Structures are given as C-alpha cells and as structure tokens.
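Shared between the two complexes below is chain A, which pairs with chain B and chain C, respectively.
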Partner chain A sequence: MSRGAILPASAIRAESPGLWMLAWRRLCRDRVGLTSLAAVALYCALMLASGAGLLAGDWSKEAGVSYAPPAFMGPDAAFPAVEVAHDAAAQPFTEETGIADPLAEVLTGIRKELAGASEPDSRATTLAFGGDKWGRDVLKKAVKGTETSMLVGIVAALLAVVLGTVFGAQAGYYGGRVDDFFNWLYSVFTSIPYLLLVLAIAAVLNQKGTLTVILILGLTGWTGIFRLVRAEYMKHKVREYVLAADAIGASGARRMFVHIFPNVSHVVLVQLSLHVVLFIKSEVILSFLGFGVGVDTVSWGSMLNEAQTELILGKWWQLVAATAAMAVLVTAFSLFTDALRDALDPQLK
Partner chain B sequence: MKPYEDTAPLLCLRDLEVSFRIDAATTLRAVKGASFDIPSDSTVALVGESGSGKSVTALAILGLLPRENATVGAGSRIVYRGRNLLGMAPRELRALRGAGISMIFQEPMSSLNPVFTAGFQIAELLKQHLGLSARQARARVLELLREVGITEPEARIDAYPFQLSGGQQQRVMIAMAIACEPKLLIADEPTTALDVTVQQQILELIAGLQRKMRMSVLFITHDLDVVGEIADSVVVMRDGEVREQGATRQIFEAPRDGYTQALLACRPTLARRPGRLPVIDDFMKQPPVDLSRIPERRRGLHGDEEIVLEARHLAKSFYSREGLFGRKEFRAVKDVSFKLARGRTLGLVGESGSGKTTVGLTLMRLLDASCGEVLFDGRDLMTMPPREAMAYKRRIQIVFQNPYSSLNPRFTAGQILMEPMQIHSIGGGEEERRDAVYELLEKVGLPATSFYRYPHEFSGGQRQRIAIARCLTMQPDVLICDEPVSALDVSIQAQLLNLLQDLQDEYGMSYVFISHDLAVVRHMADQVMVMKDGEIVEIAGSDEIYSNPRHPYTRQLLSSMPRGWRPGAG
Partner chain C sequence: MLAYVVRRIGQFVPTLLGVVLLVFVLFNWIGGDPAYLLAGKMPNPEQIENIRRQLGVDQPYYVQLWIFIQQAATGDFGVSWATNEKVSEIFATRLGPSLTVLVPMLIISTLLALAAAMLVAYLRGSLTDRAIMIGCTVGQAISILVYIIVFQYIFAYQLGWFPVQGWGYGFAENLLSYSALPIIVGVIVSLAPDIRLYRSFFLDEINQEYVRTARAKGLTEARVLWVHVLRNAAIPIVTNVMFQLPGLLAGAFLIERFFSIPGIGREVILAVERSDFPVIKAVTIYVAVATLILNLLADLLYKAVDPRVQLK
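Right, the complex of A and B next:
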C-alpha cells in the first residue's frame, strides 16, 4: 500500500515556498520596491479604468475656453477680450464692401443653431489643471494619455520580449546554423541607426496609429533581449538538470520551454519591465517627432508635441501634466524593476 | 586537562562564537564556543563536514568575516602571540594578514586573478608587504616558485593562470601564501579540488614547507585520511562545536567521541569491504555498533554472468576550430571496450580529463559517439534512430555528480519524479503515478512530504536521493553513476553508497560506477577499469586490481591515495 493512500494529499502538502514565493517575500521586504509597485499598480488601475471608459471618457470634449488656466490660478483676464474679438469677427462684412452677403441668412441660421447647441454648457473659464488650445481638460488628457502610453509600452514590450525570447531560445539552445541565422538577423537590426530603422518601418506600415507604434517598437526592440536570453540558454543547456531531462527522454521543445524557460524567466521578467519603461519613453519621442499615435488619440508624446508651441505663450500646464505623469510612472517602474531584479536574483544577497 | 604540552601556543582560540544574521528573524550560530590552540611549529588539522563551522573559524582568525551580517560573541578571544586579534584595528589586522598569517583557499582556479600573470600576483604581495623593488621582487618570486616545486620557474613566472594546471595554480597560491614568511598558514581544503596524484604532491609540499620555515599550519579539511600523515594534532568540529581534540595518534587510534569514530569508520577503505557501511547514527546511539560484526561483502565476477551491455571500440572526439578552415581533434575517449554483467557493478576510475564522464554520457547517447558500438539487447544503441532509441533510453539511466545542479530548481520533487513517467507513459494514470512516486520516495529514504518540496529545501544528500529516485521511476536495467557521492560529505557518502547497494540488491540493476575515488570504487565495484587519457589502461576484478595492480599508472594511483594514519609513521 502506498503512502499516498494512507495520508490524504492535503495532510502531506505542507506549506512549501517555491522560488517565486521566496522572491515575492524578498520583494515584500524591500520598502522602496513595494512603494513603487503600488504606484505602478495605481497606474495600471488608471489605465484599465480609462480603457473601460470609466475615467476620462470625454477627454476630447471642449469643456473650457481655449487655454483655460488651472482652477487654482483663477480665470485668465485676457480671455474675454478674445471672445469679444471673436464676436466682432462674426458680424457680416457688408459695411466694408457694400455688397450684401448672399449667404447671410443661411449662415445666421447655422450660427444660431450652433450657438443654441453650445450655449447651455457655456465653456468654463478655468479647468482643474487647465485646458489646451481647444479647451480640452488637460487632466483628462493626461489620464487618457496614460492609457495610450502604457498600452503602447506594455504591449510593445510584450511583443519584443516574446520575439527576443523565442529567437534567443532557439539560437542559444540549438547553436550552430540556427544561431548563425539569428545572429545575422540581430546584426542586421542593430547595424541600422535606431531612428532610421523606426522611420523605415513606419514608412512600410504607412499609417499612423497606436498599433503602428506598437509594431514599430516591438519589431525593433527585441535585439537586446535576444542577446541576453541567448546567453542564458547557452549557459543552461549544458547544466546537468537539462542533461538529466534529456536522459529521461524529454524532447527538445520540452527541454527548451518546460525545463529551461522557468529558470531564465526572471531575466525575461526584468527585461520586460525595463522595456516597458524604455518603450513608454520611445513612444513619447516618436509622438513628439510626429511619427507616433494618430491625431484622434492622445498620448503623453502628443501632449508634449502640443506643449512646445503653448510654452511660448506661457501655457505650461499641459507640459507639466504630461511630464509629471510620465516621470512618476517611469521612476516607479524603474525602481520596481530594480527591486524585482534584487528579489529574483538571490545571488546578490 | 590541557591537550598540549606547549606552554606558549602561537594562537589560542577561546570560546569563539560566530553567528550570522540571515534575516530579521533568524540568526544562524555557525560556531558555538570553540576553543583550541595552535602551538608554534606544528600542524593542526581542523576536520569537519560542511556546516561544521571550520571555514568560518578560519575566516574569524583572519578577520575576514562579512561585516554586514556576522557577529562575534563578546566573550570570544583569538590570541595571536599575546594579542587579541578580535580587538585589533582593521589597519593592523591588514598588516598582519599576509605577513603574519596567510591563507590558501580551496579553489586555486578562482583565487588567482585571471588577467594577471602568476609572477605579477606574487610580486605585488612582496612589494606591498615587504617594500621590495621590482627587480628584488622578481628575484624573490623565482626563488619562491622554485621552493614550491614549480619546474622551470623562469618560464612559468610570466604565465597566466589559465596556462597552468590545477596543481601548478595551487602551488602558485602556496607561493603567495608563504611569500612573506608567515608564522601561521591557514590552508582551507587546499587539495579537495585536485586529483589524487596532485593532492599527494601538494600535501608533501605543505608538510615540507612547514618543517623548513618552522611555521604553524592550520589545515582545514573534511577528510580525516588526508591529515593523518601531516598533522601533529587534530580538532574535530561538528555543528559549530569542537567534538574532540588531541594528538593525531590518539584521534586515529583511540577516538573518544562517537562522531570521530563515525568519521573514521564510515569512509570506505582498501582494507575491508563491509556489506553495509556504518553511518553516523550507528555511533551516536548507545551502545555503538561493533564494526567487526558487519559481514564482509564478496565482489568479483565468475565469468558466467549474463551480459546486459557491451561497448565495443567506443570513441569520442571533440573538435575545436583552428585557423580559418582547419579544426583540431581532441580525442576524449579512444577505443573503449567492456562488458557489463547483469546485477553487477563496473567501476570506472580515472583522474580529471581521463574521459570517464564522456564514456558515461556517450553510453546514454547524451553525446554522440564518434565510432564504436554499444550493444544492448543485441541492438546497437549508437546507430539507432532517435525515435527507436526512446524505448531504450529509459532502460539506461544516469545519476550525475552534482546534486545541486542536476535537479530543475523550479520543479517540486513530485514533479521531477512524475515527469519521466509521463514522458514514457508509465503507470495507468496520474493517481497511479503519484502512488508510485510516494513509494519511491519512501524507498530512497525521504518523507512523503518531500513530494511538494522544491530542490532548494533539501540537503545535498537528499537531492541525490531524489536524483536516484528519478532514475528508478523508469525501472532501468543499467544505472550509470557519475561520481554520485563526490560532492557529498563523508557521512552522507556512506548513506548513499548503502542506498545504492540496497537498490541494486533489490532491483538487480547493473551499475557503471564512475569515480576518482579508489576506495569508493573498491567498495562498490565487482570489476574495475582504470582510464587514463581516454584509454583503458587496465581492467580486472575488483580484488585483483587493488592487490596486484599491473599497469604502472594504476600503481601510481594507488600509491598516492591518502593513507590516513599509519602506526609507526608519526
């Protein structure tokens, strides 16, 4: 009779922390790591809420006057003058030219209709953290921008990590010609200047949008991960536990992904979070340069792009909102990555 | 009672307490009140298994304990020539290290800086501690290299560590340690990483230097046999406590402590072959077992045994690139032929680089043979297509040397043991396999709770038991044991050798037992092959080869085995 029959499995199953559990415990001891994890979690929650339409769903609504200042600064004194000038411009031009406008009646009708539509929610003179050129709430834009930027960062990083891991695993595990092929591919990708490569891919995809940015970043960003994963696989494939797996008859794919992968996954995880940060920054740069997300989407990059002209006019709030949101996330994410690396690599202890 | 007659010992250790803070809640007491003396001009052996606190003691003497988490007890004293080292300023201590007390480490390969030449590293020490000029230092380095027995020191002085063999590297380390003529030399397992023949030379070198330079040596080792010839007195430690200390003769001839007796008895010897090796527990209980009552096991072949596996002219070459298109052949195994009888053990002995592990891996098809055949059930395993070979794969299994790396750290013991059965569809279903695993765990002496535990929660010996159980899941006919006990402590070795023997008796498996340790092979094997540089130099019955070695290399191996204590020699 076997022991399993005598003892129920639950009785045998004493609490036994796996390596992941131990890593989590190490992470929990790291105060900075936990705080940054909380910040990252908050951002993720923000992203999900915004994605689900619970937050900032109406970010594109022109809620305030143009360049409405933040609420704590009070309304802009210059604003009514702008409005008056606008009204004056609306007057028919008959007096100057002496010719009656043939469309005057139609236009008046349209103007009345438009005025009737926008009159009830007359534009606010101040917004919580100011408004942009079209009077859109900067805070809502920042929240929506968080969604876009984080989505781009996370999905692109996932894509890059998957590519890098699969290529690296093949190259490192099989070696020989497979390795040569992937190294050749790697060299091609890394030999082209980064921005040029990005522009080339953007030109090939030939459309602007979030998906394009994700593809651009994902397809160009796998190279570093590839090198690391390849090196890890080369190191692990000669380890005795992999030989032992071979000895019990495990197939190549099984050895590669069931046996070795969990042992290099901490490297991959750290790379993933590093690349999220990297890609968030890259998206900002791309959008700033105008190769980023489309005009109908807002991201931190597109906000910063708008901010460069606004800053000359002294309208700083859009810049601050986008920069602060990004700085906090990037810092928290980087600190979290650091803590993660410490927790996952007990050799440092 | 004072253990030594010497009135003014060079170093007195009194009530040494060292503890390590693991985390906020746990502290590990590594050394618990150890006291012993090192008299001047003598060799003291500090013997203990892993975790006994012997290396920590050495580090405490040198003041090299990690500052972050190590604490030395308030009552501890380490008095060196009348001064307490524990109260010394770091600057003074640094001056003392190297000049007064120096140390040799276990791994010469990792203790030397690979990017500097051997001569440079020794000279640096001389310039720093003795203030010699570059020219003087070089002359002294040559002198030192000659002293530690390096042939052609003029050529070797500018060699990088990788250009030197393991033995030569350890000689360089010794040269560095004695460069400033220290009063006390601490040698922490200086020969453990080396081959037996080299080990013997290094031991002789250390003993010779000790006499010549009239210094004291603290020789740390896990192997009592090693120190029998060179130590004046022995200190035995276990779990941070000193179990016994005394003159070497007394320790070897009349050990008082049960643990010392166990250490001496559980190591296989060339003289006897007990049916079961005694283990520590046999000595710790009262009354201890009587060694002479354990029956001897008979080994050897009659010649009419059934042959399970036959290797014919097996060879394996590795190639390295040379030049643009050329490649250089390295013949790791050249023309190896042998027969393995059912239910018997074939020992395979050789030093590192002899190709014995390559033979094991090639038999398993973990490496492809360059030529030759391996007949199993009348079929040649080497030329079989991979799909067909799968069925045979489970019938030949291997236990690797290092239990710390042969188990996947991300799998539980249960997963590790279930996997081979899943791959080969052994057993009716998951339930049945699970029951089989519980049964095997019990068989190899592990509790059922091990099923859900991860490898890092087991000790080295327990991990090796899991590795053995993994092989047993496939009920193999042949088990290749590649140095299965070399990475383990002496007392754990005995337990595992007993386990392997019990399993062979029960399942009738044939073993290919690969080891560099002649005593272990004699204990386990019916037939012994001696390998050197990829070739089998001698193959004979186990009793015959030890009593009547024919090949000079076999004789050399046997003569360089540590002999332990020989009455009349000391």
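Right, the complex of A and C next:
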C-alpha cells in the first residue's frame, strides 16, 4: 500500500535510496517492528553485559537461603523453624555416652568453621525474584541463561545460514551434478525428523557443552535455508547483470558471492532471524533433557529442569523467571522477523 | 501414475543409502568404540576384545558398513544393548501407545485449527483477528516444556482431574484416562502455529477471482467459505498435515516422557540417555523410511485433491 506512494517520490530524486535504506524507512514506520527491535536490542545488550562479566557475574554465589522467596512475598515463615532444628542437630552429643570424646575440641572447631562459612545471617532470607535450591539468585540465573541461550541461538543460526547459503549457491548456480549432489544431501537430512537427528547426534557425541550444542544445531539446521537460497540463485544466474559479470571475466565464486549474493541477502537475513528463534527453542529442549549445555553453565532449559521439581514444592519463581525471559525474547524476535520480512519484501503480504 | 510411483520408489534407494551412510558415519566412526561404553567402569582387555568381536567392530569399516546395510535392508537391527530385547520388537510394542496419543491429537488439533483459522480469516483485519494472532505469537514463544509442566501440575497434581502419568492395559482406559491430558497439551501446543499457517492459506484464497464470482452470484458467505475457499485451501493444508506426521512420531517424545507413556518417543530418549546405539540407529532408519513413504502419499493425495497438479 505504502509502496506505491514511496517509490515515485524517491525515484524523482537524483540519488535514489538503496534497498537497505528503503527497508529501514519501512521498518521505522512499523510500530510493532520498532518496538520488537528495541526489545531484541535490549536482550543483545544484556547478553553482551553478562558475557563481559558486568552483570550476573556472581550468579553461582549462594546468596540466599534455600528456596528464598521473592522479596515482594516476604521471608518464608517455615524458615526459622528449620534453622532451629539445624542448631539442635549441631549440638555435641558427648554427654550421652558418658565417655569424653578425644576429638571433641577439633570437631567443635570444625563445626564452628563450617557454621561460619555458611553463617545464617550472611544469607538473605529473600532475594529479588527468589532463590533456587542452593539459594542462588533466580534473577541472575535468568540473565546468565539469557546469555547462554542467545549465544547458542545466534552462533548456531550463523553457522546454519553460512552452510545453507554456500550449499544453496553452489547447487543453484552450477546446477547439473553439483545440484544433484546437494539435493541428495538435502533429501538425506530432511528424511530424518529434525529433533530426532539432533538427539541422535547428541547421543553419539555424548559430551555436554555450549560448543557441542552449537555444532549439533548448526550442522543439522541448514536444509530450509539451502532450499530457498538455491531457488534464488537459479532465478538470478540467468539475469543480465550476471551475464554481464561473466562477460567482463568475473570468476564463478565472484559472480556467486559478490554479484548475486547482495541480491538474495534479504532472504538470508530473514532466515537468520527465523533460525535464531528456532535454535533457542531447540537449545532449551536439549538442555532440559540433559543433552545440552554443561552442568557448570546455566541455560533456560536447565532452569526449567530444576523448576519441574520445585513446582511440586510450591516454589514457582524459577519457572516463571525462565519462562518470562524466554517468552519475551522469542515473541520480540518473531515479531521482528515478520517486520523485517515486510520491510525487505514489500510485495509479500 | 503407476510409472510415477515406481520412479519415486526408485528414488528412495539413493536417499536411504545416504541415511544409512550418515547414521553409519555418526555411530561407527565419530561415535568411537562402543566396547568401552559397554564394558562398564572396570574394563579388562579380554572383556573389551570379546565385546568388540560380538558387535563386529573389530572388522574393517567396509565390512561393518555392509553388515549395517544388510540390517537396514532386512529391518533386523539385532538386540538393544541396554535390555537385550530385540529392537524390532521394541518398536512393535511401542507403536500402539504412540498412535493412541498421536492420532486423536492430530485430528482434534487439525479440526480446531481449521475452524479458528477460518474465523480469523473471515474477520481479517479486525480486533478479534489481531488479538488471536498476537495470542498465537505469544503462545508459540512459550516453550512446550512449560505447557507440559504447568498443565501436569495444575490439572493432574493439584486438581486431580487426570492421572499424573502412567499407562494402563485396556485401550479404552488408555485413551480416555491416561491419554486425555497428553492429547490436550499436544493440541494446545500445535494450535498456535497451525492457526497462523492455515490463516495465511485461507487469505491466499479469499482474494481470488472465483470467490468474488461466488459472492456475485448470491451465495451465502458460509457457503463461499466452507465450500469454495475450504476446498482450495485444503490442498496446502493436507500437504502440511502429511509432512508433520513423521516428525510427530518422534517429536512427541517430550509428552511421552513427561506422562510416562511407553511410546516410541520415550524409547528414543531412554536410548539416548543409555547410549543404546542399536535402538537409535533403528529408529532413525525406520522414521526415514516412513517419511519418504508419507511424502510420496502426500504428493499422490495432492493430485487427488487438485486435478490440475502435474506429477512429474
């Protein structure tokens, strides 16, 4: 609708704005798109701050009591009772047997030391948004989990997009045998359902870690991008500008990536955005099942795993924190993807 | 038609060989020596040698590959490393519970998504449309894990309307009691993406010329939507449902795991946890075959629904 009004006006000017400028202007006019872009940018800033250690660097510190409730709920009524019971258990029991314990003094020293290390008053009874089983701050865990999940999502999506684009470019541009080979590879990878393939690779690698998850997701997720990029290259390779590049002696790789690629990059960008969301969701499932990030890393998936048992005890805050952090990011990212697509490809509606 | 089917089945061969090769490379080459995995914590060289001979991994790679191709061709993948049960029997007994949950889930979610998508397509641009679309986007952003955890907690644990988990013996008991909550969760999770997709299919059709013609000749809006538009939109919808099927079979593993349903998905997770390679290899090959057959069926169905489609 707005396209008809914009194009003639900009065409009159001596220097017409490029594709990216036009897309940016369209995006600026899209209120939902801008809001979601701001939210995504905020999350990215959070990820960078957390990665640089500015935020939530001490997430693993046991800052509060076990299952410390959120600050707005006040301290847990059951908590002092537990503490009293603990004190009673800590009493030396030498009198019961009537024999003097030769190690009594040493033991008392150790007990004192132990009590000092986890002194009750050094641990808060409430935390900003509650604590987990070990009294770690759930809010800090959620921030740290955001870092892990976004890192995995973005890097894995980049890997998948690079693979899909390179394969798709080769297949679409060269055709023939090359196309047959990549199509065969595509049909092999797509005949196995995505999550099954991911689980199979997780079973084989049998080692946890952020890098493993990135590799699993990136190496299996390129198929959809391949299909789209291949179709674009088949369309573009017969166009006149490519023939012209051929005539002035540009090499195959140059034609593919310097001449054609800028013209299909909008497709790739939208796919990148889509796959970040897909991979964040997959990472959460993998980590939940225990095939994802390592035990020393916190992710939304591992938080949900802990939350599952906590919920039965009535400790809902970790579940809410992880769910909310994820839902806001994924919603914003999905809306941003839609806005990006509309801005880059105004004919599609 | 027959020539087409024969040619397509002929194309299965290279794809399946590729799947076999991929699985082989993954498990026999990257996966390392399974003998160390099986021998337990205190292996002695003799034991390991024994296990290696039993599994055939002391053979050169091409011999192992040939053994695996024979296994894939006959569908006999030997026994599970964890339970010594025959792999083919594991799947035969686990298919029933999976289907008991999946078939009703697929039917209910497709019908509900169709009705809801038709409603929002009819009300396109209105406040209801936008509210439902935003609801779908947010609903999709919440992990399936959260739906399962929360539903199980509220409806089974707190309210006690359904059993928390488990599986019975009679079909009716399983379907009506144990499968009910898993089906509800599955339907709710798949509803949001389906409504969005089907809405776009309906919107593609609603602006076509034939719809205007139908309206112009005085048909009621209901007839235009449910007869004219639905029939044409059915083509991509049928394809979409068919393409979802194989993924569902393995993809329902989260639901099966949470609700302790002895289906194929739970078996896959157990196998991954126990590094039970024969089971994972087998399920990958089985599902790949199912996917290829279902894709072929989808194409044939496509032709049946829309005679304009040329099969080539």
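Note that in this section the second predicted complex is superposed on the first by the 303 of 349 C-alpha atoms of A that agree within 3 Å, B and C clash if a C-alpha of one lies under 4 Å from a C-alpha of the other, contacts with A are read in each partner's own complex, and residues count from 1 in each chain.
One rule holds for everything that comes next: a contact is a pair of C-beta atoms (placed from the backbone, for glycine too) under 8 Å apart; a residue touches a chain by one contact, two chains touch by 3 or more.
Just so you know, these numbers come straight off a predicted model, no measurement behind them.
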{"item": "Chain touching more of chain A, residue-wise (chain B, chain C)", "value": "C"}
{"item": "Touched partner set for A:L243, first chain B, second chain C, both or neither", "value": "first"}
{"item": "Partner chain in contact with A:A307 - chain B first, chain C second, else both or neither", "value": "second"}
{"item": "First (chain B), second (chain C), both or neither touched by A:L158", "value": "neither"}
{"item": "First, second, both or neither for A:L19, with chain B first and chain C second", "value": "first"}
{"item": "Touching partner for A:N263 - first (chain B), second (chain C), both, neither", "value": "first"}
{"item": "Chain B versus chain C as contact partner of A:A231, first or second or both or neither", "value": "neither"}
{"item": "Residue ranges of chain A in contact with chain B within the complex", "value": "2-5, 7, 12-14, 16-19, 29, 239-241, 243-250, 254, 259, 262-263"}
{"item": "Partner chain C, residues of chain A touching it in the complex", "value": "184-185, 187-197, 199-206, 281, 284-285, 288-291, 300-301, 304, 307-308, 311-312, 319, 323, 326-331, 334-335"}
{"item": "Touch list for chain B against partner chain A, complex", "value": "23-24, 361, 364, 366, 390, 393-394, 397-398, 400-402, 405-410, 412, 419-420, 423-424, 434-439, 441-442, 448-449, 451-454, 456-457, 467, 470, 474"}
{"item": "Complex contact set, residues of chain C against chain A", "value": "14-16, 18-19, 21-23, 26-27, 30-31, 137-138, 140-146, 149-150, 153, 157, 246-247, 249-251, 253-254, 268-269, 271-273, 275, 277, 280, 283-284, 287-288, 291-292"}
